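Here chain A shows up in two complexes: once beside chain B, once beside chain C.
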Partner chain A sequence: MTLTVVKTPSEEALAALLDGAQAALPGKDFASVRADAVEKFRSEGLPNRRVEEWKYSDLKRVMPKDLSLAGEVSADNISKQMAVVPRLRGLDCDRLVLVNGVFRADLSDLDALQGKVSLTPVSKALEEGAFVLDELEIAKGDRALTLNTALLQDGVILDVADGVELERPIEILSLMIGGGLATTRNRVSVGKGAKAFILETFVGDEQAYQVNEAIDFRIADGASLSVSRLLSEGVNALHLGSTTAILGEKSHFEHFTMSTGGQFTRNTAFIKFTGEFSDAELFGATIIGRNQHSDQTLLVDHAVPNCNSKEQYRTVMDDKAQGVFQGKIFVRQPAQKTDGQMMSQALLLSEDAAFFNKPELEIFADDVQCAHGATCGELDEDLLFYLRARGIPLDKAKKMLVLAFLAEAVEHVSNDAVVDALEGFIADWLGLDH
Partner chain B sequence: MLEIKNLHAEVEGNKILRGIDLTIKAGEVHAIMGPNGSGKSTLSYVLAGKDDYEITEGEILFFGEDVLEMEPEERAAVGMFLAMQYPIEIPGVANMTFLKTALNAQRQTRGEPELKTPDFMKRVKELSAKLNVTQEMLRRPLNVGFSGGEKKRNEILQMALLEPKFCVLDETDSGLDIDALRIVSEGVNALRSEERSMLIITHYQRLLDYIVPDVVHVMSQGRIVKSGDKDLALELEEKGYADYTGGAAA
Partner chain C sequence: MAAVKETVDQVREIDVDQYKYGFVTDIETDKAPKGLNEDIIRFISAKKDEPQWMLDWRLDAYKRWQTMQEPTWARVNYPEIDFQDLYYYAAPKNTEGLKSLDEVDPELLRTYEKLGIPLQEQEILAGVSEENRVHTKVAVDAVFDSVSVATTFKEELKKAGVIFCPISEAVKEYPELVQKYLGSVVPVTDNFYATLNSAVFTDGSFVYIPEGVRCPMELSTYFRINEQNTGQFERTLIIADKGSYVSYLEGCTAPQRDENQLHAAVVELVALEDAEIKYSTVQNWYPGDSEGKGGIYNFVTKRGDCREKNAKISWTQVETGSAITWKYPSCILRGENSVGEFYSIAISNGRQQIDSGTKMIHLGKNTSSRIISKGISAGRSENTYRGLVSAHKKASHARNFTQCDSLLIGDQCGAHTVPYIESKNASAVFEHEATTSKISDDQMFYCRARGIGEEEAVALIVNGFVKDVIQQLPMEFAVEAQKLINISLEGSVG
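Showing the complex of A and B:
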């Protein structure tokens, strides 16, 4: 049976790319999984505004029609880009690097963590037939993940051993150079009682490129994982990001997303509680301008009792930028004593900017505390006046208030050095001294 | 130093200031007293440049320059300062960062070099110790979680640090207990000099026991209706404002 409803030039281009690339992608045992995903894409096409979850982020409209896989890059070119791309600097961390979707052992170093953290490239796991998709129920059928599976190239699998407490962050840095499409999937498992900090960084040059990345966090009983995710893609980038997390019992998950870059960004997080007495704190700070589009979509699945989730996202938009927040908290029938708090706040700096705010609760248990809120506003005139009355010029006063608005989200990050670096990053973006 | 001539201002069509005339010379401390709604706070905001008010007539000259043509930040840079009645809380902006940014922004506007961090820290430490502003208050976000007294002390700290030529203190005494009133008043008195003038707006005579004015004005219905020396404040304390509000006030 072949059901072909591919219509637009970009969908045709993507279908051709999917077919052409299959033979070259790693892992024979994975081929049938890929084939299913390709078939699914063929029948569904690209997600667009008629698909509820993608209503405000029409991928069909923005996907370019000249598509190719990203190519190889010289070491020289990599070091040049690494020096200039906006990212967190001066942080003491271990680093893994992916360039154009391919893990680069030559640029990565985890030696200091021997015995504590094990590393396997995804391409190796695919070749060895050891890579198994571990999909969440709430993520099933997600269009970005389907494409991710169809084109999966590489990534890293990190296992933090039981009881290990890592002292400094591990950065997974993804760099795009020279244009093209890259597809990666990373997995970080934090063992029982272990503690880790992961920094995800996405950067690239000014060429038009497309990134489809996914990352799966598996947090064992009693484990604690903090993630700070920096989306600082190049000005012409299209970024599809999917995060999944499964929390065990008495575990803690802190997840912060900082987004400034890219032309079109769609970020989805799927969070599932599978053990009682666990907490997830999800925060985000987005600042966009020009005609950038940034979408943060969130699904939190409370499947067991006695867990807390807290979501706080702040978005600043200037010029003709468009922001989207879609957040949904599911509280299943057994998930009594759930505490779920979701808040999305937006700041519009221009009359042409727009924000779509869609918080949702779906509750089937009867003894829960859940709340959601959404605000959308401009800079407070009284605050501006106070700063100006002390001699701070209007433009600088505005920037200070924007930084302050976002800093309130940033300050939830549990690592002070990362907080400082993130605030410095925002100040740089705004052109403020710090 | 400051000349206000026939100043009229309104908000959304409501006339609030109806012809203020006031001249303050260098080194003088003037007090304005008056009942609620007489336009005292409006006068302070109009001086500082808050744009909620429409100036329909009159002018304000500061060292001969037209103040009404200046943005709030320009007024600050030429040496005007308003200690606010309700200092605003700004989450996410550390007090210390704010102080340094404000000071250096003013210096930059005046074409002066930036104050380096060690020099700045030294000055802030000296001044904050005198005003009982703790290190913790300097680290916290601006005015967030400050008590009424802490907010007012922080206003005076800003005033001391920025060294303005002309200060307006808008009901600085409101919300202060006796000890805080003394600390704030001492801070203000320490800033009195022959080159610096002040305009103190208050409901109550009590503040003027601590900060003794050269001239006292009574304001009612948007005008200055009487001026005198410090004894006028005592007289008001005794008799109330009834004589100046058409006898209606009890």
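Showing the complex of A and C:
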């Protein structure tokens, strides 16, 4: 009976891939966890529009029939791609590199972090039986995470020691070359009172590759973590991303997502407050065109009192692009004095673009202030007129307004160098001088 | 300030028994055997003396229904309903072939009098004290269990060309209108409960406003469930022809019983060119006791179709009753420049569960819609707003504004907001805002410092919270609704 659900050719191909890959994946102790995930996939199949959380992002429809795991890549090829892929350049940061889902110590440079941050590759932790899956309650059963567990290859585990304040961002760069599927899970723990900035970058070539990546943030009491996430995948890529974050007491979490690339992108963030007096700020800027599909899904779990969360997402769609925002603020009964504010704004630049917006509030505590807002529309005629009256051509005026629209989200990033780099990145994407 | 004073008085007067309409009328009834099968449908059809096409329509719906599954996506919990354990037809005896109100069983008339719905013509809907009465006429269609027992002002309406009668009568007398419009807004196969309703609906109101006519009085239907173990399946069809206007009111109550009862209605509105329909509901089915025992399951499909240009449909609802409410009055904005409105107050207390909202489907150019939803949860209740606003490709310059606010009274209740906003047209402008909060200490302090008692202060603040919606209700209903709100929230403070 459990096998009846997997029935489309792409589901069957994926099921076969999952089965075939098991033996070669690292970690004997983890095998049963993977097997459970494979079984779960078999009984559920791929998420599709009939699954509420995937209503607007039908993975079943876009999953290709021919699937394989990503292979190895020559050093030559890597440096060639690194030079051309669109990413943030000229940033002063420490870098960790994953190529086709495998951590590459040879390409990474962490010398400057000695004594402050410890690094363990996930494959090593798996082999040693030291990698334990401890899924957040709200993330349990997530279909993308199930697939992540079923095929987990590698990733990095970073521990920022208590009290350490890192001066430079640490970049975790994931590069895909030559097609195929890569599955990674990273983990970043920020110790008590520590402070860190993580930059996640996802890039790749023009092949039809797939990335299923997850990252877990553990922010200890009094710690502060800023994350900027740049999704600049290749034009034919399928990206499934899952972020989970657990916030301790009096901690601060800032999370920014910039999404421009890929053919089909789904980003999910699960945030949970476990200690009082903490803040989470989640921002996003998405700009897509062609027939790209980009989905930002968000679940903020207020489980304890006196925490604030603020979400602000901006999406711009051109051509036949489809954007999705699904956000939920979940306030449990004990979480009195919660302040939750969520805003999703979308700009449609073309007649054929579409936007699906679902900002939700689920509230079980009474002494709270929660609000959400959502807008959707086209560029303001008056603003365009203002610019054109000053001799700026229509095309450039439009681009300037789009940049300004997205910059309002980008500017929340607490690192000025990263803000400049991100704004430059958007301008490049738009073909605007800066 | 008159309304506020009225509220304050009301709060003061409230006695322990909150639900005033929980009495049972002892009356002889005709019932179909329990359960649902083709024979029951034939029985209902025969009872109503329906033409063959109507029976066929019902049987088709029944066949379809058997293949359907109960929806589970709403945020409501209830034990499985045994559809074979219900009576699908119950009617007071001797209601057939009555020529005037004098022939109606006096027990029935007394019931409606007790409910504040006098069926004597020239009377008006109660709820307003003698000296404050506004002398407007309201025509009432009274539906008791499965049949319509009386319709008032029929003659006067006929003079204006307005047809207002039980739908069972319309099926026989205006078959061409019924055939043309029935199921054209809510298709037979729309959803589980709508399909069930299509198979077994027993009565309801039929309204046709001819071209260019402004209906001379408010029309109203009052639904009453009386019998035990019966389901009420009413069907309402309102057609406003070109350039016409009608304001329609709907009210409902049921006796206080320990077991749950099902009410699955379908309401279809059709507004043609330049026509306007204003549909107001004060839903006050028995909500169950404070422990959640008993109460009505209100699973209703309501939808309006602005079929031609410049049409307007406006839904206003005050939801205070029912153990479970599952209801999404919607507008299909097909005609150019058509307008849809949804004003709602949903109040849950005790163990009530509400999952309600609206759908605004923009299909035509320059269509606009407005949604104002105010949810108040108290006690251990759950109150969900679920709404859809969508603009299709051709709906250029569609416009929507949505505001849904929730107020929480007490720390054991839940308030949820689930909006879906889908835009497939760049020139469509959608705005949505939602807030959830409790009555703030500052507001309370302000009132208390001016010598206003705690309960009165809450009433005052709640009244302010729902004012935007109350203003949309016709006068008689507004007063009634305001009283109801306060009664519903009785006992939720302190």
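By definition in this document, the second predicted complex is superposed on the first by the 430 of 434 C-alpha atoms of A that agree within 3 Å, B and C clash if a C-alpha of one lies under 4 Å from a C-alpha of the other, contacts with A are read in each partner's own complex, and residues count from 1 in each chain.
Going forward, a residue touches a chain if its C-beta (ideal position, glycine included) is under 8 Å from a C-beta of that chain, and two chains touch if they have at least 3 such contacts.
The structure presented is a predicted model; accordingly, all values stated were derived computationally and were not measured.
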Taking chain A as the common reference for superposition, should the pair chain B and chain C be classed as clashing or as fitting?
fit
Could you say whether A:D382 touches chain B, chain C, both of them, or neither, answering first, second, both or neither?
first
First, second, both or neither for A:P393, with chain B first and chain C second
first
By the touch definition at the top of the document, which applies to A:V419: first (chain B), second (chain C), both, or neither?
neither
So, A:L17: does it touch chain B (first), chain C (second), both, or neither?
neither
Specify the partner with more touching residues on chain A, choosing between chain B and chain C.
C
Of the partners chain B and chain C, which touch A:Q333 in the superposed model: first, second, both, neither?
second
For A:L401, is the partner it touches chain B (first), chain C (second), both, or none of the two (neither)?
first
Geometry row: CA centre of chain A as apex, chain B and chain C as ends, angle in degrees (steps of 10) is 80
Quick one: classify A:V235 as touching chain B (first), chain C (second), both or neither.
neither
Could you state the shortest Cα distance, in Å, between chain B and chain C after the structures are superposed?
16
Overlap of the chain B and chain C interfaces on chain A comprises residues none
Would you mind writing out the residues of chain B in touch with chain A in their complex?
48-51, 71-73, 75-77, 81-82, 84, 87-88, 90-93, 98, 101-103, 105-106, 109, 141, 158, 162
Touch list for chain A against partner chain C, complex
52, 333, 336, 346, 348-351, 353-378
Which residues, counting only chain C, touch chain A once they are in their complex?
73, 393, 406, 408-438
Write out the stretch or stretches of chain A touching chain B in their complex.
382-383, 385-394, 396-397, 400-401, 403-408, 411
